[in-house]
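There are two complexes below, and they share subunit A, which is joined by subunit B in the first and by subunit C in the second.
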Partner chain A sequence: METGGIEIPFLILLLLIPLIGAVVTAVMSKKPKRAKNVALLFSGITLAVTLMYGYLLSAASTVYSDSESYAWVDTEYLRISFDMGVDGMSILMILLTAALVFIVTIFSRYESDRPNTFFALILAMEVGLMGVYMAQDYFLFYIFWEVTLIPMYFLISGWGGPRRHYAAIKFFIYTHVASLIMLIGIFMMVFEASAGGTLDFTFAAVKEASIAGIFSPVMQTALFGLLFLGFAAKMPIVPFHTWLPDAHVEAPTAGSVLLAAVMLKMGSYGIIRICLDIFPDGAVSWQPALIVIALVSIVYGAYACIAQKDLKKMVAFSSISHMGMVLLGIALLTELGIQFAIFQMFAHGLITSVLFMVCGVAGHNAGTREIPLLGGLAGRMPLFAAFMMFGFLASLGLPGLVGFVAEFGIIFAFFEYLQTTPELLWIIVFALASLLLTAGYYTWAMQRTIFGKETTKIDIEKVHDVSRTEVLALTALCAMIAIFGLMPSLILEVIQTMPLPMGVF
Partner chain B sequence: MIPLLAFVVVGFFGNKFKGGGTAIAVLSAVAAFALSGVVSYAYLTGDLYSTSQPYVASIKWLAFGSYELNFGIYIDSLTCVMMLFSSFISMLIFVYSIGYMGGEGKKKRRYYAEISLFLAGMLGLVLSSNFLEMFIFWEIMGVCSYLLIGFWSYKHPEGDEASMKAASAAKKAFLVTRLGDVCFMAGLFVLLWTFTSLDFTVVFDAANIASAETGMVILGALLLFGGVIGKSAQFPLQDWLPDAMAGPTTVSALIHAATMVKAGVYLIARSYPLFIQNADVMLLVAIIGAVTAFIAATMALNNMNIKRVLAYSTISQLGYMVMALGAGGYLIAMEMQHGVPTAGILATVGFTAGVFHMMNHAFFKALLFMGAGSVIHATGTEDMRKMGGLSKKMRKTSWTMLIGCLSIAGFPLFSGFWSKDMILEATMEPSIAGLAAGDIFLFLFALAAITAFLTAFYMFRMWFMTFHGKPKDESIHCHGESPKSMTIPLIILSIFALGSGFLIFFGLGDIITFNVSGSGAYYFGGDGHTPAHIFDAIVTNIWTYVTMGLALIGILLAYLMYARSLINPARFNANGRSRVYRFLNARYFFPELYDQIALKLGFGVAKGIDYLDKNLIDGTVNGISNAVVGGSGALRKIQTGHVRDYVSLIALGVIAIMAILALLVFSGGI
Partner chain C sequence: MLDMITDFVDFVMPVAPHFILLIAALIAPAIGMKSGKASAIFMLAAGLFALGVTGYMMYDGGYNGRVFENLYEFNQFTGFMIVLFLIVLCLVVVMSYGSSDNKKHHGEYYSLLAAATIGMMLVCASVDLISLFVGLELAGIMSIALVAFKKNDPRSSEAAVKYLIISGLSTALFLYGMSLIYGLTGTLNINEIVNALAGQEITWTYAVALVTMIAGFGFKIAVIPFHSWAPDVYEGAPTPVATFLAIGSKKMGFVVFFKIFLLLFVAVRATGEIQELQWLFAILAAVTMTVGNVVAISQTNIKRMLAYSSIAQGGYLLIVLAVASDYALVGGLFHMFTHVFMKGGAFIVVGALCARGLSENISDYRGLSRRAPLIAFAMGVFMFSLAGIPPLAGFWSKFILFSAGVDGGTWIWLIAFAVINSAISLYYYAKVVKAMYIDKGTTTEKVKVSFNFKFAIAVCAIATLAIGFFPGPIIEFCEFAVKAFIP
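Let's turn to the complex of A and B:
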């Protein structure tokens, strides 16, 4: 964008800075300490640039929209361009990505096993995530989508738990297959849109075709389905979720945080950005199914949480439940539904990061994450207990914190939507019941881990509280959760500037 | 009206500076009370009060679609009464805590931070200008109570068993009230959708209510009442409150007298304009209240734990308040809905009585809990069987407790007498007026009268067992009277427990009802609350003497059984086989029922889903992958983690893409 008469290519910068950071960090195998600092520096610069960009955008106009375009392949038969752009939704996700990568880098300072590669992978992942959220060309979108996959795969298989290879390969194959299905969808869509002319992969071209009515209703339904399948596995939505708990349980904390907080959002982002925007008729025909599977995900995820013995697995399942909320908001195809779904994406990103960090602390400071082995930890780990409680309360939707606004908005949107069919009003009970179940598994988990009798099943003398860098990272996140919970309009007003997808009425 | 902003800030004061501990928390409570006084004085002497207008100030919080949510302050005389008594009592509890929690060491900081936030939550709730804001503070209180009930949930002074219990009680309190909260939240959806705003000024506007869909208004009121049932421990969600006794006694006093459970009753009083839209809703409210009052009183009859007896009495008294609001509202609703004329003045009695009793109850229940705390502090036990003869060693505590007992039992001239009598009168009224549900109300009146008798009995049973006779257990060593920081609040409160009832003769009735939207006076413009009128109504009413007599018989019976031992209490439970006795002790088997529901609906289903997940869904996934790769042997080979394998997998993907592309190209005819 242009500022003060100078044209600054912010979007390309946001890709290049972490990329350079990744390369620089990767080669520093001899100086592990310096590698950590370099990674911190680069993620810090990225965050600073992102914040500046966001500020300039908000100062420049009221709509947070910007784009950059670079020609790439431009022939008579094929056009793929390096198109990037942002709107109210993208800018939020980009901000979230930059902030979380920075916080995760602070949090992971304890990492002593090949730190240069570890942090390089995190920065590489940032490149991919940024790319996905700003791509305006389907080819580009797909490339970045796949780019995120590889660093995550290596993070899990290189720094994970005992079953890391199984989890990593499962994660890879599962999401890769989903990506391929999505790719088929993208190709079919672009071929159809080009209607024998130039194969144009840009978002703009396909959108134009969609407005022109090139996609027949049947075609829309089919393409919506293909793309949705790819996105749903990423979110993940029951029954395509089983890679997630395994991946989380084995992944290192930094990996889990980025996976749950930003990577899962790629799925819902894709649904809003592509499925709803290009295939409004397809969205309508899929709507009942979407609502049903969203509700199933919400309740199923919550129930599965109750049964878990591993703290981290429980948090992983809670992500399924909360991403189900996102899908519910999207599936309503109403203005409020979409807006609060995006709000929930943002809120869940912040909250779930706290939760996974807390699980990470339990793992390496108490020695285990198995709930039956823990108990009475609040005595020896008061800070840990405080963060855990804050995270859990935020996640169960305590008013005054950011999660509440999101859940309130989505369920209210659902209520509003159901007013068109009052005889179905009762199904809102499922959404409400999940609030109760969520409170149930969190308070039960707290009762068994931080309260009650001090455990004798682990070596209690070795237990130590949260370290200083971890406190820093967790405090930053908790502060954001509280600030955006008390002043949700800061976020919501950005979301409201986004042009609504075509599928929304 | 400028102090308002400062007031809200002060509410959060103690929390922000929690490092400072005791002094700051106590000072913030004093400041909160002082500011409540200033604000109330400014409002009650201002123009707004004399013209029946609330003071409202708010800012926009969140806007979406056509809906707008605000954040602000709403003050009418009900607000003034509520914030005065809750901040006053909280202040005394804070002072009392200096002595009671003195030995907690480092945990004091946490304690004072949490009770400060608790008070802030209550004051915020009372001052809220809309339902959402109220809900936020409502939940903040819920969390504070969770933390405080579980205050000893680790490293309990009485050992690990007790800390497990505290942790479990805290969870139960949170979850049971959460069930109510979810109803409340659903109520918010209904109201927000109906009125596009949750501001009291909009929702209570008669024109808006009239143009809204009646069904929606009723549904909204019912769902709000669901929240009340959870928070104010009404039947059938009453069961968390006795368990909540696991926290420090000061916390019980705070929850029972000044804050949390009163929030539910306040919510009914506040949303009266919605509730009175339908007589049946009000009938339901009254029935729930009466049933709660009765069953909780019976549960208190044979309990041996001094704090639990008080907990049951709280539930029972809350039932009274809810019943009064229901009965009064029923009259108003009948008049508005069906045009059945009721004496306008009488219709206001229910509302006045409910709020009046809430205030009186706050004084005497805080007194009783703090007295019990003083006893526990001195003896180190909560079991009344081990107490006895304490009046000699703890004169101040025993006298102040006696005043509290007389007050709650409704002994003439004590504060509980006036408000309880008004409640009974209000319950009787629909029957006297010959309304449709008159017979039901007659039955409720009977329940309430029996409850009055039971209350007098179990309260004096407690007093005699604790203070009268000889020490029963020599192993319990009494340290003697508690420190001044504990006895002075007791003495102050006993003055109020004795005298707050007389306030009704000095215009309190007017203050409570005069300009509170929804109360009878607001609609019918009744100003008959002259002291002479009220006094006349009470003295000339035969039922006054009936309930008075019942209370006296209750006290006498307790005296005979536990002081003079003329009737042996053990006879009622010969050989421990009495079914009734066991039934009461098991709290009507409610805890059992809850546990079963939680186990079956919660854990049972969860186990099932977990099994399904591991075997069916994940099994299918693994099965497919095995089939694709060609048996488990091949899969294991892949999992060995050679880069070569992944490369070949990706290559496989690329080939698949090529194939599809080719297919598309040929079939598409490009």
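Let's turn to the complex of A and C:
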């Protein structure tokens, strides 16, 4: 975008800075602590540039919209361009990515096992995530989508728990197969849209074709299904969720945070950006199915949480439940539903990061994450207990925190949607039941871990509280949760500037 | 006198690259008597010179035409394939430089390599089944001698005998099909055959002729169920020769398929009468890629794994014949081009490590990222490129190849197969990367790789990365070739 008469290619910069950072961190000297500081520097610059970009965008106009385009392949048969752009939803996700990568880098400062590679992978991850959220070309979108896979695979299999190889390969195969199905969908979509001419992979070209009515309703239903499959496995939605608990349990804390907070959002982002926007008729025909699987995910995720013994696995299942909430908001196909679904994506990103960091601290500082082995930790780890309580309460939707606004909004939108068919109003019970279940498993987990009698099952003398950098990271996140919970309009105003997808009425 | 020379030069110009190599092949043994390394350098220079000449001829465009009573031709397509084979030759020559496999007979070795390359180039340039057959035999016989080059190694001899028998069988089948075709159409000129066949009803003779030709070439390109020789031969042959077979002579088989069947399919595209044959190719493609990939998973020897992966890649290329569209052929040629670098690179890495005493067992690659970081990085690039991970070269070519199949809707099931296979293949490619980067090795001793290997690996890795980031020119290059090929 242009600022002060100078053209600054912000979007390219946001890809290049972390990329350079990743390369530098990977090849620089292996002296301890060096890599951490360099990674911190690069993720810090990225965050600063992102914030500046967001500020400049808001100052420039009332809509957060910008685009950059560079030719890449332009031959007779094929046109692929390096098109990037942002709108209200993208800029929010980009900000979230930049902020969380920075916070994760602070949090993982004590990583001592091959720190160079570790931080390089995190920065490489950032490149992929940024790319997904700003791509305006299907080819580019797919590339970045796949690029995020590789660093995450290595983070899990290189720095994970005892069953890390199994979890990493499961994660990879699940999401890779899903994205290949999505790729077939993209091929079919682009072929259909180009109608015998040059294959044009840009978002704009396909959107134009869609407006011109090139996709028949049957085609729309089929293509919506193919693309949705790819996105749903990433989100993940029951029944494509089984990779998630494994991946989370085995992943290192930094990996878990990035996976849950920003990577899962790629799925819901894709549904809103592509499925709803290009295939409005497909969305309508899939709507009942979407609502049903969303409700199943919400309830099943919450229900499964109760049974979990591993704190981190519980949080992983709660992610499934909360991402089900996002899908519910999307599936309503109403303005309110979409906006709060995006808000929930943002809120869940912040909250789940706190939860996974807390789990990481429990595993590291108390030596175990097994709920039955823990108990009465509040006495030994007061700060830890405070953060854990804050995170859990935020996640169960305590009014005043960001999670409440999101869930309240989605359920309100659901209620509003059900007004058209009052005889089905009872369905809302499922959404409400999940709130009860969520409150139940969180409070019960807290009771068994931080409150109650001090445990004798672990070596209690070795337990120590959170370290300074961890406090810093957690405080920053908690502050954001509180601020955006008290002033949700800060975020909602950005979301509202997004042009609504075609499928929303 | 001068006029005669220029006339002669103009006359043979369409086959100039072949002539250059032929002369080099005759001189190389003489240089090899003095010094093996000198003959390698000589052959590399000749290969690069021929490459330059071909490039110039393609750029200029004024040398297109046919020579020797319509036996051979030069056009953008032939040029493209010649460039590809010359790149293969140069890579293999660099890789063989100073190799101990052929200590006493360097000269002959390079001469045989060049002769085999000439054979492959003749196949590409042929317009007539007889000249095509001559090229085929030239390439085949030279390859057998090359496979047997490690004279004291029983594995090498065994592989050569296997290859000999398979080659004999395959050419016999091809000849049989060819004679039937001649009986049916009364001509051996490929264009005339295609035109004559396109107008005919499918009869038994017709079907038998085509199926025997498919079977004959099925052996050459190791299509399932004619594949079982490939892993044994790749494993037994000297690594440079295995490289040559995997990235060179397989592609020759595909060129023959394109020349006969693709042109036939294109000729009858309007009537759609040969659908059955296209289905045959589609089924062969699906079976080949699936079996290749699934069997590759259980391999512990990296050369055998690469052999099965080659079979699978052959399956992907068969998609071109099933889909039979211009765009599919663009994808096919592009995939052949990238395959040279990624598969070639992988084989060169294997050769380089074998030369340093590592075994061909994948378990020997554990901890390689610490023992030889750059080599391990390059191998990672090749593996991920073969698996089709963006933004590497292999991703682009698979992308175009697979996307071509979606057009029209008939072959979506095949593309779904290909895509799932692509995911399966990732498993065994990633296994190598995992061994190199994640597993801990038994030793951390540095592996020092000699310069010629480093150079060849660097060329392949840079090409794989560069095509990945800037695929445009190569795609356009393929499009020109396709335009010249499909009228």
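Everything that follows uses one rule, which is that the second predicted complex is superposed on the first by the 504 of 505 C-alpha atoms of A that agree within 3 Å, B and C clash if a C-alpha of one lies under 4 Å from a C-alpha of the other, contacts with A are read in each partner's own complex, and residues count from 1 in each chain.
As a convention for this text, contacts are C-beta pairs under 8 Å (C-beta built on N, C-alpha and C of every residue); 3 or more make two chains touch, one makes a residue touch a chain.
Everything numeric in this text was worked out from a predicted model, so none of it was measured.
> Taking the superposition on A as described, I'd like to know which of subunit B and subunit C A:Tyr142 touches: first, second, both or neither.
In the superposition, A:Tyr142 contacts subunit C only.
> Considering only touches as defined above, state whether A:Leu183 meets subunit B (first), subunit C (second), both or neither.
both
> Which partner does A:Phe430 contact after superposing on A: first (subunit B), second (subunit C), both, neither?
In the superposition, A:Phe430 contacts neither subunit B nor subunit C.
> Of the two partners subunit B and subunit C, indicate the one touching more residues belonging to subunit A.
Touched residues of subunit A are more numerous for B.
> Applying the document's definition of touch, where does A:Ile169 land relative to subunit B and subunit C: first, second, both, or neither?
After superposing on A, A:Ile169 lies in contact with both subunit B and subunit C.
> Who does A:Glu76 touch here: subunit B (first), subunit C (second), both, or neither?
After superposition on chain A, A:Glu76 lies in contact with subunit C alone.
> With both complexes superposed on chain A, which partner does A:Tyr110 reach: first (subunit B), second (subunit C), both or neither?
The answer is neither, since A:Tyr110 touches no partner chain.
> Give me the intersection of subunit A's contacts with subunit B and its contacts with subunit C, in residue numbers.
Dual-contact residues (subunit A): 153, 157, 165, 169, 172-173, 176, 180, 183-184, 187-188, 191, 199.
> Show which residues of subunit A lie in contact with subunit B when the two form their complex.
153, 157, 165-166, 168-170, 172-174, 176, 180, 183-184, 187-188, 191, 196, 199, 238-239, 241-243, 300, 303-308, 335-336, 339-340, 376-379, 393, 398-400, 404-405, 408-409, 411-412, 415-416, 419, 428, 432, 435-437, 439-440, 443-444, 446-447, 450-454, 488-489, 492, 496
> Can you list the subunit B residues touching subunit A in their complex?
Answer in residue numbers: 60-65, 135-136, 138-140, 143, 146, 150, 153-155, 160, 163-164, 166-168, 170-171, 174-175, 178-179, 182, 185-186, 188-190, 192-193, 598, 602-603, 605-607, 609-610, 613, 617-618, 621, 625, 638-641, 646, 649-650, 653, 656-657, 660-661, 664, 668-670.
> Which residues of subunit A touch subunit C in the complex?
Counting only subunit A, the residues touching subunit C are 72-78, 139, 142-143, 146-147, 150, 153-154, 157-158, 165, 169, 172-173, 176-177, 180-181, 183-184, 187-188, 190-191, 199.
> What part of subunit C is in contact with subunit A in the complex they form?
By the definition above, subunit C touches subunit A via 326-327, 330, 384, 389-391, 395, 399-400, 402-403, 406-407, 412, 415-416, 419-420, 422-423, 426-427, 430, 434, 437-438, 471-472, 475-476, 479.
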